[in-house]
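Paired with chain B in one complex and with chain C in the other, chain A is shared by the two complexes that follow.
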Partner chain A sequence: MFPWFSTMLYAERDDFKDLQPIPQDEGPSPLAPINYSPKCECRDPCFVGSLALKMTPDKDAMDMFRAVVHANEKSERALGLTEDIIRMNAGHYTVWHYRTTIIVELGLDIQAELKLMDELSTEFLKSYQVWHHRRLCVGLLATSTSPFASKDAPAAVTIAASPETSSPPPPLESSKELAQSELKFVAELFYATDDPKNYHTWVYRQWILTYFDKILQDEDRHLEFEFIESLIKDDIYNNSVWSHRFFCLFKLGWLQTTLEAEIEYVLSKIGIAPSNMSSWNYLRGLLKANRRGLNDERVLQFSETLVKAKSASDDMKPPVPALEWLADAALEDKNPIATKYYLQLKEMDPIRRHYWSWKSHLALAA
Partner chain B sequence: MTAYDDGVYTATTAAQRDVEITLEFALNQDKELDRLAHAKYLTESLRGLPSSLKVLDASRPWLIYWSLHSLLTLGISLDQSSKARAINTLFKCMNPSGGFGGGPGQISHVLTTYASVMSFVIAGGPGQGNGWDDIDRKGIYSFLMRMKQQDGSFIVHEGGEVDVRGCYCALAVATVLDILTPELLDNVDTFVASCQTYEGGFSACNNGGLQFGEAHGGYTSCSLSALTMLDSTRSSKLNTMFDLDALLRWSVHMQGLENELGGFRGRTNKLVDGCYSWWLGGSFSLFEYWQQAHDINCEDSEEANWVDEESCLYDREALQGYVLNAAQNAKGGLRDKPGKNPDTYHTAYNLSGLSASQHYIKYDSDRARQLAMNFVHNDDNDIPTERTLERASIRRFAYSSAMAWMPDKAAKSVRGGGSNITNPTHPIFNITISKSLAALKYFYCQ
Partner chain C sequence: MTFSEISSFSPTNVMIKEMAKPATATQNSKFLSRHLQLLPSAYESNDTARLTLAFFIVEAMAIVGESVTEESRRGYIDYIYSCQLTHSNGGGFRGSLSMGKQRYDQNEIPTYDPSNLTMTYTAILLLGLLRDDFTRLDMAGVLQSIRDRRHPDGSFSPTPTNSESDIRLVYCACAISTLIGDFSAIDVASTLAYIHGCRTYDGSYSQIPNAEGQGGTTYCALASLEMISKHLSQQNRQQELLSQEDVHCTLRWLAQRQVDGFQGRTNKDSDTCYSFWIRGAFNSLKSLANLPTDLHLFDDEQDGHFIISCAHALGGIAKYPDEFPDVLHNCLGLSALSMAQNRVEQAQSFSHINSTLNVDVSSLEHIHTCINTLKEPL
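Presenting the complex of A and B:
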């Protein structure tokens, strides 16, 4: 699996013997030092996958890394060393950056790199670096003449990974398949890791959709909405999905629906879970994005019905967001009834009493 | 009352229920701030970290910042030897081409540059060997300018990613060190403002104005602090660039219910976590600044005065309860929530949040005006800029505004009484106010 992988220390390895490891210059009595071990406790390749997080950036590999950087060596063995360190500490941004420059300078197989990222993104889901590196890879692949570049056809790597730019040039027409496979990968990852709220993953997905927007087609967009719908069905409270729906509709401008239909859609979801702040916030955003105020007749009626229905039963309180909608809408209209609503909210939701009380003052003054 | 009573059961409601059960035991407690235990925990981390924390190898300045800042917030001053060790270790992370890396020999990173500079403010001082004289301001400026992108964002390191943490850290460092220039500030306002989401909070980043990610407490804190710093350097106010009401509403809604002990969550429908005590709890001081700007545009009305009798929009007392009763670990250190291990990150942001909810940190605009009037123009022109006149004005207002954040001595709300009191922390830099003032005076030569 890892051809360079060895249980031997880098300092003792034949293939590195021409380099003199450089120890870290900490100075005398450093503060908050990391207690490096000369060798990792678990170097058995069988355990690498499952124990990687617990493994440590051992002194040995880092000492050799400094030697490699010092010699400015860009080579396959240096690439192997960076992977070894990254597996021990995915937050080592200096090592990631060096890895990128090796790949770019040697014109290495980006497709293989992306495959490695499949594994590492799963393992280090919350690492900023792993997702950024993946972006760089995709940018390189999408702008090379052979999108699924293999070793025989090194990617064109002239501008894309230039360290000073955060976004690569536009993707080639032919990279649609790449876009689709990335979307598929991310979708599967949500399930595989059981973490459909992972921030990095969502930001990455939105970058993919933005970057490939021009070459994606209606069917891809349709698939995206199906994906969104399935996640909302799984967990109606998943705010990341609501946020993503908003992104597709109003940021990318994939309007597959009318405002009226979208309002209906959200109201139907609120009907299922009236306390769900995600859908209420979405509804606010929806109206605002369309330059509409809160005084939408249907939403008002809907909220009133909710408030009345819940108030009628003894042990149920009206959902705070419904009452809040009525209050804010009234305030927007300078309708004095707003004060009454805010005072009711103050009773119902005492943690936010100062806020409701402030709003009631605003309503009085309006 | 629980967060969800819709009769719908999903992964979100299950996770929420678990947390509510976990927090039950802490509900009616009245723990004291265990200064001694936390001090012990922090000094031990400074001595060296166990092998399980080696993932923080690229975050050394952060470890130092979190620990030092926590100690000072607790009111524990550092001994000379720890200060000297902090300064030496930080200088080992400084790069000749400017900025600080995550450890010796690592390339410079905007975030670790922030952590390093703030640690210098805490542990250092003027005079030989005390650090402040030897910080390479010009180098840091040139590093920040290399990271600056056309759209106003900053990549966090050479070849690295973009998000609003970079904007915040770059501006905080530049404000403290007096290296703000118009070139550094160009377009940052647009970039940050474009990260506001439909929910009101801010997200991680945007790409050509297309905002990525959902509203998040950490990114919101970075964005609002960045906008506040930007606003103070200019004459035309930024309050029309973002929706303050929506931001306020969202922030207020992030505070958990009574059975969540009034802790803050970082995103809609996620779980409360002690670190948001600062990221969100700490942001409320800044709202007042913006509300003042807003009121100038509105008809002034006594009733509409934004502060009510208790002078705040969130439940300070409840938040303090979360920090004291849920976030304190018995053996020292503070944590996300019961059942999680403490770490220095959560220790720092729980304590900062505790401090922010005990003190009323006000933006004293009279003081700002006074300081701006008395500002001594003494620029030694060592920071390269084409727009010297603009820089002169930026310096003056950045200085006077940063100096204007003062704790209202008469108003405090300390849960559990005086023995729980912490030191007031600066709402933008998150270092104690007394240290902030000393450093600002030094770097601006005032």
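Presenting the complex of A and C:
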């Protein structure tokens, strides 16, 4: 087919010779112009410092892209050009949009596009566009009556019409395997990229779970909790996993447990890492979601034990969040002992001294 | 600095030796003027967002008390307006002329060269920073461009062809509306519902509903609530947008974020930009919840120390210590220093900033004065 990744300039390529590249014309006083490299492969790596390893779009490809858009050409070579630019600048939303239009208008293989996204999502993990495009692909694959796939209306118009088309229609029953393979892909990506806190990846996983929720089965839900458990085992301080557990239990409503059992679960994790704010915050959220205050007997008793045990040993300070729980619970009860706790916290956690002072004033006034 | 000097600019060697030195204001000015004239090619992937990059540079200049020459000023203003689309072309500002065309035919909507909500927000701030008189601003176009990006759930997307939408764009829509003094393009009820949907169990706000809370998105949510609240009270439709319980929960989350500088999420490393986002979020919350103006939450000395440890020997502030600087972290680092200036010696001469709109106070006053004058009946 076409030599997408040729080192030859587009302006010199035979397969593009019928198009006249359109250079960027910015008038007499361009503001903060960018020093485009003539061709990314031959750049001095020192020049761009830490970003040198990242490929950047060269002027040549952008000049040809302008020519393609000007001619409104939807073709396989134009598709190749968009891939070339995306690999150099994954954040170029116009290029992504043009690519989507080509795929839909030419009725190209979405499965192949998703396969390409496997590679690009790994490489450009932090690009908003790559994840957004992946969503479009999955939405198209999961529905047969997608407005995006309509051949009657020009695709650009359908997609561009209004933001109301932002989420695809419900997935077909038959797309369960697609959902499962997407979940598997994301799980593997956390390990492959060694970035299990990546925001984009989590947002995407939660979209998959939400979009396919109705066709997922109990065993899929069970697998999700196993996945969460394995990530917590890997890094109990990973706040994203705690947030995801909350999402599954309360936002998707996958309650497979009682409040008491969930409190015990969190306390067992706090036992492992007593100063881990992620699990303490989760516990607060858990009680709040169940319209319960901080004065939960079980948690109070647990916090008191922690504070006492640690205070008893000479070299160890009691964990701040345990004492904070006692303080906030006392404040909730308008118990004057709260002031004493806050002043103690002020000593223990000096970076937040202004905050603890303020809390102690609130306690005095209560 | 000439083109060839910039092309041969190689910070690698100098870096290792001089990393520990704090950057002085002069070094920062050099960093800024170098970038304003020609951005290194590392920024290529941001070409569609160039007005935003320019904003970070010019705003940083305003903070440290630098200004551009009269000749450049006029040229830059013309360039910014050449990025504007008229009302009949969909309105708003593009990030640059990277699609190669300045003007389109009457009533032509350039599908592949649309304006971008974030660029419209930064274009207006830039024009204010450059002391433009705003007579060329197509106000109807700006409003149209907000409306066209509005989703039924109250969120907004950057361009009409892009269906991704989140709290960052809600912030841009609210900021533009505040700057031009016109909220008619926002459906306040649905946007409030969207922001509340982004509230998380720990008191922070996420990028889209139900996701993990984060410092930048918490800033966007609270600053938007603050702007909406001010708009409502101007209309005598005052509402309590956050319960007392929610206010305290969020204050607690904000206070927790300080480790030396600030982290964006629980158990993550500090990063200079969060010194701005968390401080900004706190300011907005104070205003929203009528908390005492003298309420302090943070250790300003430690934060100042962290930010200065991220300053590069050749000027510019980086994300982390021992990293290369970039214009975003430089600007937000300076803004944060300005907010902590009573406790940070190096920042005492810095201009005051309005953290809700992320611009220095005098530029904001200039924008308000110009816009109000334009709105007065002749």
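Please note the rule applied: the second predicted complex is superposed on the first by the 330 of 366 C-alpha atoms of A that agree within 3 Å, B and C clash if a C-alpha of one lies under 4 Å from a C-alpha of the other, contacts with A are read in each partner's own complex, and residues count from 1 in each chain.
Just so it is clear, a contact is a pair of C-beta atoms (placed from the backbone, for glycine too) under 8 Å apart; a residue touches a chain by one contact, two chains touch by 3 or more.
In this text the structure is predicted, and so the values were computed from the model without any measurement.
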So if we stack both complexes on chain A, do chain B and chain C clash, or do they fit? clash
Thinking of the overlay built on chain A, is A:339 touched by chain B (first), by chain C (second), by both, or by neither? neither
Check the residue A:365 against both partner chains and state whether it touches chain B (first), chain C (second), both, or neither. first
Just to be sure I read the superposition right, which of the two partners does A:199 touch: chain B = first, chain C = second, or both, or neither? both
Report for A:121: first if it touches chain B alone, second if chain C alone, otherwise both or neither. neither
Name the contact category of A:111: first (chain B only), second (chain C only), both, or neither. neither
Check the residue A:317 against both partner chains and state whether it touches chain B (first), chain C (second), both, or neither. first
After superposition on the shared chain, which partner residues are touched by A:272: those of chain B (first), chain C (second), both, or neither? first
Overlapping contact positions on chain A, where the chain C interface meets the chain B interface: 24-37, 54, 56-57, 62, 66, 69, 88-94, 97, 128, 132, 163-167, 197, 199, 202-203, 206, 210, 237-240, 243, 246-247, 250-251, 276-278, 281-282, 284-286, 288-289, 350-355, 358
Residue numbers of chain C touching chain A in their complex, please. 3, 6-12, 35-51, 53-54, 57, 72, 74-76, 78-80, 82, 96-100, 102, 111-113, 126, 149-152, 157-165, 200-202, 207-208, 210-214, 249, 251-253, 255-256, 258-260, 265-268, 295-299, 302, 323-324
Could you please specify the touching residues of chain A with respect to chain C in the complex? 22-37, 43-44, 46-52, 54, 56-57, 62, 66, 69, 88-94, 97-98, 128, 132, 156, 159-160, 162-167, 197, 199, 202-203, 206, 210, 237-240, 243-244, 246-247, 250-251, 276-278, 281-282, 284-286, 288-289, 350-355, 358
Considering only the defined contacts, which chain B positions touch chain A in the complex? 1, 3-6, 8, 10-13, 45-60, 63-64, 67, 82, 85-86, 88-89, 91-92, 101-107, 109, 146, 149, 153, 155-162, 197-200, 204-205, 207, 210-216, 246, 248, 250, 252-253, 255-258, 262, 267-270, 301, 303-308, 310, 312-315, 318
Residues on chain A engaged by chain B in the complex (per definition of touch): 24-37, 41, 53-54, 56-57, 62, 66, 69, 88-94, 97, 100-101, 128-129, 131-132, 135-136, 161, 163-167, 196-197, 199, 202-203, 206-207, 210, 234-240, 243, 246-247, 250-252, 272-278, 281-282, 284-286, 288-289, 316-317, 350-355, 357-358, 361-362, 364-365
